[in-house]
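When the chains are written out, they are named A, B and C in that same order, and each has its own residue count from 1.
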Amino acid sequence: MTWQLFELLLQASLMTIFVSVTSILLGLAFAIGLSAMRMSGLGPLVWFARIFISFFRGVPLLVQLLLIFNLLPAIGISLSSLTTALIGLSLCTAAYQAENLRGGFEGVPRGLIESAEMAGLSPVQSFIWIRTPIALRLTFPALVNEAILILKSSSLVSVVGMIELTKMAQNLAASTYMPLPIFASAGLIYLAINWIVAIAGRRAEAALPGLPAK
Amino acid sequence: MSFDFAVILAKAPQILAGLGVTILIWVAGTLLAAILGFLVATARRYGGRLADLVLSVPVEVIRGTPFLVQIFLLYFGGPYIGLRLDPIAAGLLGLTIYGAAYYAEIFRAGFQSVPPGHSEAADCVGLTRMQTILHVQLPEMALLVLPPSMNMAVILLKETALLSLITVPEMTMTVQAIGSQQYAFVESIVVLALVYWALVELANFLGRLAERRLSTYSA
Amino acid sequence: MTQPAISVRNVSKRFGDTLVLKDINLEVPRGQVSCLIGPSGSGKSTLLRCMAFLEEASAGMIEIEGEALGFSEKDGKRRRQTAAELRRTRSKIGMVFQQFNLWPHMTALGNVSMALRRVRGLGRKEAEARAMAQLVKVGLEARAGHYPSQLSGGQQQRVAIARALALEPTIMLFDEPTSALDPELTGEVLNVMRALADEGMTMVVVTHEIGFAASVGNNVCFLDHGQLLFHDTPETVFAAPRHPRLEQFLDTYLDRGAQMLR
């Protein structure tokens, strides 16, 4: 195991970080949309959200990625492997994040919604400015947890042709016949990134304004 | 563009065989992982500070790295240290170790939830340490550890799909192979996704059922 | 006779099988402080919440300055108003809650300026300037940048009052504004309310502070088991001989105010 090989792994981990961060943020936006659908009380939207969440939580990410990778070109949509990876990861994490957010939205005290109502906010304004920020605040630890899960899951996007940390490790392992140190190094890099995310998450959690007592 | 699902469904016996391997590895892996995880949690709780510290390292490392990297390390790296496993054995071992790290954390939280007074009371009536754990603490924490345990079991079911990447002949690998033989990739993946979806929802349903059972007993 | 600020006509409220308000009739005069008192479960908070349409009356009508709130009446039938109609009538009302209900993710200034920006459409500068003026009024300009979790209960309730006042309501409703506070913090909130009453604000206050009701209130309404037993000036209500139910109620609420009246 040389420094040169390790440097290649580090470079590839930048792609892992990029794909993960983008997917988490896109997924969060989708998840808020799914939550809005689920709480809209409009039958078709509620059902769409339910089936979406059930499907993407019920099918292995690997299979989801293969599905998007094969299905979209078959119906005439050709996408780069980066786009495919981002779509796959963000739809999957959207379903999990929506499920996390459900508890958050349920945890928003009734009185805070009433005070928004009395201040003249419409239900949509109340959703955007009051309920969503509080739900996000309540479920922030779950969001950090999900970020770590997605970082690990991003190792799967190699199956749609993305070269990120795991794929680079695979390639190097095959060409150098040194799978042991190379995969171990890749694992250490994942571990280091996850530690940073976990510590940063705890710091951020402590810095956020406090919550109303129940 | 038209899809032809008949060619995939004609291979139903092969798909079922793949499904059998998936379920076998999943059930065996989950049970072994739960047992190993419980032993790790027990050792961390009662083995003294050193055991707690030493065991925390593999638990954190496994929880902090992707399952895919773990099985690649085991399957492709293993032979370099004399650990030559066939795909199924490597897959089962990988799944067990991976799951055990998470189950260890689930049971650790479980131990923390049992009031110390209860096990002290058991000590006083003359139960041995192991009897106390098995007959007092385990039943007491059961209701608490069941939901995350069922949840973890479902996660492990989905993780078995990754074993196709180390050529374990489970469902994902089998159906993909059928898809490429028949030039029906899309159809094969759609079928695959639907089967997993049904399986996961079934597992979720059974989990809820078990929870309801247990909560009526302990109420 | 001038139009009342709030008129409550034949209002009943039912939760499942229990009737919590029984055919209430009440006119709240403008520019006065009306206190709703009564034992827990008497329905006084429910009546106040009906006046804000946070609870929907099962029967009857409520008018705010002559405009129907929540339901419109036509040919003797009630029709639920649209959200826009409801918001227009409600904009005359400011509400202060027992639990303050400040939004935890915004500073005091953010809480007060929120609706000015999002509902009234003011720019940030203008909204914050107006919000600051309200915080000055409740004596909390120095706490403008604090989050609710960094404020005492009394301070939170004063911010909540400033938030309601920022929208320039003509009527303020207070739902047990001091019940969630430590006794030593109730004074600062009652002082702000007293100042507001001196300015001539129409106020309806659900309270257990009998002293406040007696000294600041222009009217005292006594509710018991969902019925409005009587309402009159505090002098009349608290003067002996008192209504036996009130006597009983005062016996169980021996706070400072009630002792003063003995």
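Just so we're on the same page, a residue touches a chain if its C-beta (ideal position, glycine included) is under 8 Å from a C-beta of that chain, and two chains touch if they have at least 3 such contacts.
Predicted model, so just to flag it, every value in this text is computed and none were measured.
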item: Centre-most chain [mean C-alpha coordinates]; value: A
item: Chain-chain pair with the highest tally of contacting C-beta pairs; value: A-B
item: Label of the chain whose CA centroid is most distant from the centroid of subunit A; value: C
item: Euclidean distance of C-alpha centroids - subunit A vs subunit C, Å; value: 45
item: Rounded Å distance between subunit A and subunit B, as computed from the means of their C-alpha atoms; value: 22
item: Cα-centroid distance, subunit B relative to subunit C, in whole angstrom; value: 56
item: Subunit A-touching residues of subunit B, taken from the complex the two chains share; value: 1, 3, 60-61, 64-70, 72-73, 76-77, 80-81, 158-162, 164-165, 172, 176, 185-186, 189-190, 192-193, 196-197, 200-201
item: Residue ranges of subunit C in contact with subunit A within the complex; value: 52, 54, 83, 87, 90-91, 93-95, 97, 99, 101-105, 114-115, 118-119, 147-150, 160, 163-164, 167
item: Contact set on subunit A toward subunit B in their complex; value: 54-55, 57-64, 66-67, 70-71, 74-76, 148, 152-153, 155-156, 159, 166, 169-170, 173, 179-180, 183-184, 186-187, 190-191, 194-195
item: Subunit A to subunit C touching residues, read off their complex; value: 109, 111-112, 114-123, 125, 129-130, 133-134, 137, 209-212
